[in-house]
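Should a chain be cited, it is by its letter among A, B, C, D, E, F, G, H, I, J, K and L, assigned in written order, with residues numbered from 1 in that chain.
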Amino acid sequence: MSVILVINGPNLNLLGTRQTDIYGDKGLKELNEELSKLAGQLEVSLKFFQSNSEGDIIDYLHKEGPAADGIIINPAAFTHYSYAIRDAISAIETETVEVHISNIFSREEFRHKSVISPVCSGQICGFGFYGYAMALSYFADIFKGK
Amino acid sequence: MSVILVINGPNLNLLGTRQTDIYGDKGLKELNEELSKLAGQLEVSLKFFQSNSEGDIIDYLHKEGPAADGIIINPAAFTHYSYAIRDAISAIETETVEVHISNIFSREEFRHKSVISPVCSGQICGFGFYGYAMALSYFADIFKGK
Amino acid sequence: MSVILVINGPNLNLLGTRQTDIYGDKGLKELNEELSKLAGQLEVSLKFFQSNSEGDIIDYLHKEGPAADGIIINPAAFTHYSYAIRDAISAIETETVEVHISNIFSREEFRHKSVISPVCSGQICGFGFYGYAMALSYFADIFKGK
Amino acid sequence: MSVILVINGPNLNLLGTRQTDIYGDKGLKELNEELSKLAGQLEVSLKFFQSNSEGDIIDYLHKEGPAADGIIINPAAFTHYSYAIRDAISAIETETVEVHISNIFSREEFRHKSVISPVCSGQICGFGFYGYAMALSYFADIFKGK
Amino acid sequence: MSVILVINGPNLNLLGTRQTDIYGDKGLKELNEELSKLAGQLEVSLKFFQSNSEGDIIDYLHKEGPAADGIIINPAAFTHYSYAIRDAISAIETETVEVHISNIFSREEFRHKSVISPVCSGQICGFGFYGYAMALSYFADIFKGK
Amino acid sequence: MSVILVINGPNLNLLGTRQTDIYGDKGLKELNEELSKLAGQLEVSLKFFQSNSEGDIIDYLHKEGPAADGIIINPAAFTHYSYAIRDAISAIETETVEVHISNIFSREEFRHKSVISPVCSGQICGFGFYGYAMALSYFADIFKGK
Amino acid sequence: MSVILVINGPNLNLLGTRQTDIYGDKGLKELNEELSKLAGQLEVSLKFFQSNSEGDIIDYLHKEGPAADGIIINPAAFTHYSYAIRDAISAIETETVEVHISNIFSREEFRHKSVISPVCSGQICGFGFYGYAMALSYFADIFKGK
Amino acid sequence: MSVILVINGPNLNLLGTRQTDIYGDKGLKELNEELSKLAGQLEVSLKFFQSNSEGDIIDYLHKEGPAADGIIINPAAFTHYSYAIRDAISAIETETVEVHISNIFSREEFRHKSVISPVCSGQICGFGFYGYAMALSYFADIFKGK
Amino acid sequence: MSVILVINGPNLNLLGTRQTDIYGDKGLKELNEELSKLAGQLEVSLKFFQSNSEGDIIDYLHKEGPAADGIIINPAAFTHYSYAIRDAISAIETETVEVHISNIFSREEFRHKSVISPVCSGQICGFGFYGYAMALSYFADIFKGK
Amino acid sequence: MSVILVINGPNLNLLGTRQTDIYGDKGLKELNEELSKLAGQLEVSLKFFQSNSEGDIIDYLHKEGPAADGIIINPAAFTHYSYAIRDAISAIETETVEVHISNIFSREEFRHKSVISPVCSGQICGFGFYGYAMALSYFADIFKGK
Amino acid sequence: MSVILVINGPNLNLLGTRQTDIYGDKGLKELNEELSKLAGQLEVSLKFFQSNSEGDIIDYLHKEGPAADGIIINPAAFTHYSYAIRDAISAIETETVEVHISNIFSREEFRHKSVISPVCSGQICGFGFYGYAMALSYFADIFKGK
Amino acid sequence: MSVILVINGPNLNLLGTRQTDIYGDKGLKELNEELSKLAGQLEVSLKFFQSNSEGDIIDYLHKEGPAADGIIINPAAFTHYSYAIRDAISAIETETVEVHISNIFSREEFRHKSVISPVCSGQICGFGFYGYAMALSYFADIFKGK
């Protein structure tokens, strides 16, 4: 069974408890449960990881990335400056999809630029939790085609 | 039954015949057929429109937009400068999703900036035709929840 | 009797029906009626044109502009990038006044720059429909002085 | 009777005597007389003020602004850098209209940016003395509607 | 016989009647006649097209471009912002030469940048009508060499 | 007894009467009274000055600055462009603290840059009237240490 | 008793041992002792944290921030790029004050911009250790007022 | 006898008493005496003016400028932003020379740009008091040639 | 017989031996022979000059430029920064055409800007050796018309 | 015996296994062995450290840096934004050399700027593993000279 | 007797023969004669040098600069980009004055920036030939004071 | 025996005699002797060249570059603008190493950008004369490996 990593960056552990006008009122646990249910339907296996540490995300990408069939990453604030995570994604060469819960293009100027996008297959933003589901379906669709 | 507009901008009528390394080898007709099939499964109705004319796209948005339940738009090159289309989307106030076939963030500098994104719910790019399917599923998911 | 063109650009056909907090709740038809009434008082003749198409506006400027005694144009979103309309105004050499309903300088950054202004006599913005009346009075005042 | 302040900034006391190709050959006295005549017709009262000193203009705005029904200001060169005048206009909260005799958008680059515009109702430029008359008519039109 | 498209953008239909200090006093008809005569000598066939509409130019490029042996285009004001025409030229893959009547580099700043140049073989500017003849000769020279 | 100047720039004479959501509802007089009370406790003497005129502030700095033991200045809008006040502070060489009532970094872009800061000991912003008290305590603490 | 977190960012553990011309010759331990003494007088309780790791600071903010009554943070070099810490401060919604020991506006260009300031109540810089005391007094003053 | 105005801007009244490493240890009085002596030799009459107020300098330029044969101005900090003084110099149309005591191009970035230079005959900087003498000699040389 | 200078800048002596993918495989000698042949047909006389030294090119322009009837110059890398060559062309006032072998607009960013273009009649780029022939024909066409 | 730290930043643990076209096919272990061998010859002692965590690198610099005689650091992606590592190097005051395996100036734009360079003795880039050897030899040469 | 070098850069050998509206109608020979005469009066010796070659100017600066008592340089177009001449002036450490015949600040944008100014004592521009005389008098005045 | 060119740019002939705080007190002759000695040990042959003329450096690169096995170049000030030297290095296709004596990244802003680096193998800066030795060793190491 294909394996997909679901990686969430800094502050996303607080999902559902704060700034719910921007990020919605469901928590990270619920996100993971929703995705697990969908993964079951799509016959794909998921591994979840969240960290507020750039270094830990890179370590995780190194450790789990090469063997995975796909990566879904929401780098949160690291999106805008972590060239180190960008290089990690380039290095492991597993197809990666970037997801953002909110529409980063209708928020502060600094959120309009992603240093991660150029090394991903694509980017999905603005659809809340459903963005992760989109990415998951995309991978399932690819795996089916192989 | 909910109605979704699928609007494609300039040069997308040439899909499948040219620059197939970037845009794939399937044509606009096939895209529409694939989407129609999916729409049938999702019990949503689609209306297709493609034009190379900014004015025609605005006219279409004015005519069909207000009554529609959702809009999927790939503004192609207009993405980067058509404030007129941006204003049209703002004016009609129907939820709109922006889709790009290629990852615009790994191409030329001028493609990195969308003047359309800030008035859409969200953006999907880099997933080929599947990006439209994602947008369609998103709307179906919302309609279901209503 | 002197003839003045009143040209409105993209999305202004929607006046009065949408985004009424910014543009007011009166429609384009009412604007034209108000202006016609004032034109009658000022003994000036008006010709109205609205289009969402840059090319059609240029065609209209070419066709009606040279014979007209003045032009009032609200280029709407084209204000910010249509060098083609700018060149059309330069080419026909009829005095032109630029009008905006809202104060473009207190809205989004991209609305602060007009590529049309340098080839017009002047600019009026922020006075709602009254801005058109101002422009009309200005022309009537000039014609009177001739 | 409604009261409107007419405030002219630095060097406008020289109107009519110098650089008449840009500013015309009528002096500030004539401008004020023309406006007074119009004000009489419109049943509005005017108070005139001109100064080359930023501080004096602010003092005047503080002293006369709050009680006035409208302000017409041509900040001249202060347009481009006097955040202090901008803050004064914000502070007194009386509706203000910005007027320029010449078309500031067809002159030197530094004249294209007004730091005053965002706190005014609107801006009028390029119509010579007639721009002040436009502003005055605008206020009269508003007062009538009250 | 090889076929070359000669496409002229917005406002070039006014050639010879206005702004003759910049663009000369010969009209578009005379340009086309001169080029036809030269084409006869060079044993090349020409098709002429002029439009003020970006969309119509793209439609024409799609319709006539793929079968043509070469394209000569003067995009006029579209030179500076029409990424849609740029994409159309890329898409049809017929060799294209960009021509400007005036020297765009000695005029306003905004005319110094062409978004079309990077997808053309080359650019010719500043030689009046003769620039079109240069482009035509270039294509004839290539065809001869084949 | 050590003497500290408390200098307030343009529009701060309106404190407490306008824009009270940003600047609070207490006036300049109350500010000065609060500071005087604190100064009494700290055994420091204060001199107050407010002006809307850049030149008067410079004159005051020249006249009172050299003999003073410290300066607390809120340059208000002059913060962002008065290199003349900056030079005055450099010239008199008395230690100076810059205070802002609101957090200038969470307001308009132009307020983010202070041309005064580089010649002050430090900057305090965002704490309302309390910011002045902080500055006063800082000086008192220094004087004590001498 | 109200609780305030005192968080110091990277390299501040070296305080007092190096670059003493910029940061003074007292160490972090002495800073904490001084603050503790002041906190005792003000009847406020402090919790200290220092880390060179962005992730650890975010974790600490998540763990201790929501229950705290106020946060004093000197983000050191993270000031200039850590959008992740910024988002953490936004997320926990506890009032936060930014402190810098040196005057960041009279040092290298890159130190002039804080990405943290816009989500804090205010900023204090340039007063050495005394800046922390100012922030502490500010909170004590607020708590007293509640 | 020809009359030349010698105008010094803000903070130059402090010459000789402060920042003597940059501006030298001679005062404004000595400068004026030196210049008077030279003027006597050159048979030119001088009028001296110094002010820290932008408005006063403009008033002085208006009052004395038109009748003068030449103006020597050191606008000090106003050099970098006073478009009002620039406009005053343009308006009075008397030949003006800009002088700076220090070399403004080897100091802070903001001092490198003069908004005054484009409306002066020329600029002299970096020669201390001698720069004024240069300007004076220049005018004397011109007057001689007339 | 009219005389035209053909001036080639730095590194063009290496034509045909290196980087043949960009510049073609024919050498400078062949270029000159081809042009001489064409000049013979057009009854124009040519003088060739190539140098890697900016100073030598200026000297040559001074020596031969004023007497020549036209100049064809490929300034190569000097195109992008030699204001000295630009000034030389301005000074000698002989009509000059700028030629580039490759399309400078589809290469590195720094090649997009020519400091030479504004003082030339026009620019030709992207047509290989044929660009020189175009320029030569252009001059012959002008001379014929005289 | 002198001690030199060899510190490698994020993703360099993957050396030799991925992106071998850029970074070569030898691993970090081989790099360290090569350097150890060279260090033996040069009679210098090495300590190796690699981490993907900015905080851990700073901690290591604090712990081992002050006692070391020299530091060789390849900050990898941190090169471009880690002002925290920059400050750590400044703080410990041990001479530091920056090394990059690839030529960062011929890669993506963002890699052209190092925030670390200004606080190092020098920079070496583009020589593969040999760059570390160069740095090592440099230190050995210095130590010899002491 | 003190020796001063008078160095003129590219195209200044053409003085008096061309572009006389900008540079006047007197030639370099006359400039040198005028300066020689003045030098005689001032009891200073002059050495003249003009070259269109950057390298030759540097060679001359190296050869004659160190022994000279002062340098007057008009670097002409090299003013704007020759960091090599700048470094030469820094290297020889003889006091240098930069002179321009025209007012470089009222001409094209690129002429507003001098890379030479920061290493000179001062700059004189806009006074025609008289600017050189000013510089010469300045040096004579200094020598006298020694 | 392999041949390496050692090319030094403008002002480096003055090494050891001036600005010794930046460049050290050893002269170019000593540098060459040191390198010759090292070259002898490494069994490599060196050719030295220094010039203050850009054109001469290009000529030398053309003449000696193609036959050489490696080039060590310190372009000095030409580093920052000589696209002509850059093109020469590209053209001759011999591996080239860029060396700077000082750390260009800790000096003036304009020295931070090298237009030469992108066409070299790598860059070494900040190590004084030792930087040349590093480059020489690098080439020797490569030649050995062949």
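Throughout what follows, contacts are C-beta pairs under 8 Å (C-beta built on N, C-alpha and C of every residue); 3 or more make two chains touch, one makes a residue touch a chain.
Keep in mind that what you see is a predicted model, and the values were worked out from it rather than measured.
Between subunit I and subunit J, the least number of touch steps comes to 2.
Counting the residue numbers used at the interface between subunit I and subunit K, under half appear in both copies, so the two copies meet with largely different residues. Distance between subunit F and subunit G, defined via averaged C-alpha coordinates, is recorded as 23 Å. Taking each chain's centre as the average of its CA atoms, subunit H and subunit J sit 55 Å apart.
The distance from the centre of subunit A to the centre of subunit E, with each centre set as the mean of the Cα atoms, comes to 47 Å. For subunit B, the set of residues touching two or more other chains reads 53-56, 81. Chain pairs recorded as touching, per the definition above, are A-B, A-G, A-J, B-C, B-E, C-D, C-E, D-F, D-H, E-I, F-G, F-H, G-J, H-K, I-K, I-L, J-L, K-L. Remark: subunit C residues 9-11, 13-14, 18-19, 51-56, 76-78, 80-81, 110 touch subunit B in the complex. Residues of subunit E that touch subunit I in their complex: 103, 105-106, 113-114, 117-127, 130-131, 134, 137-138, 141.
By the touch rule above, subunit E contacts subunit B in their complex via residues 53-56, 58-59, 62, 81-84, 86-88, 90-93, 115.
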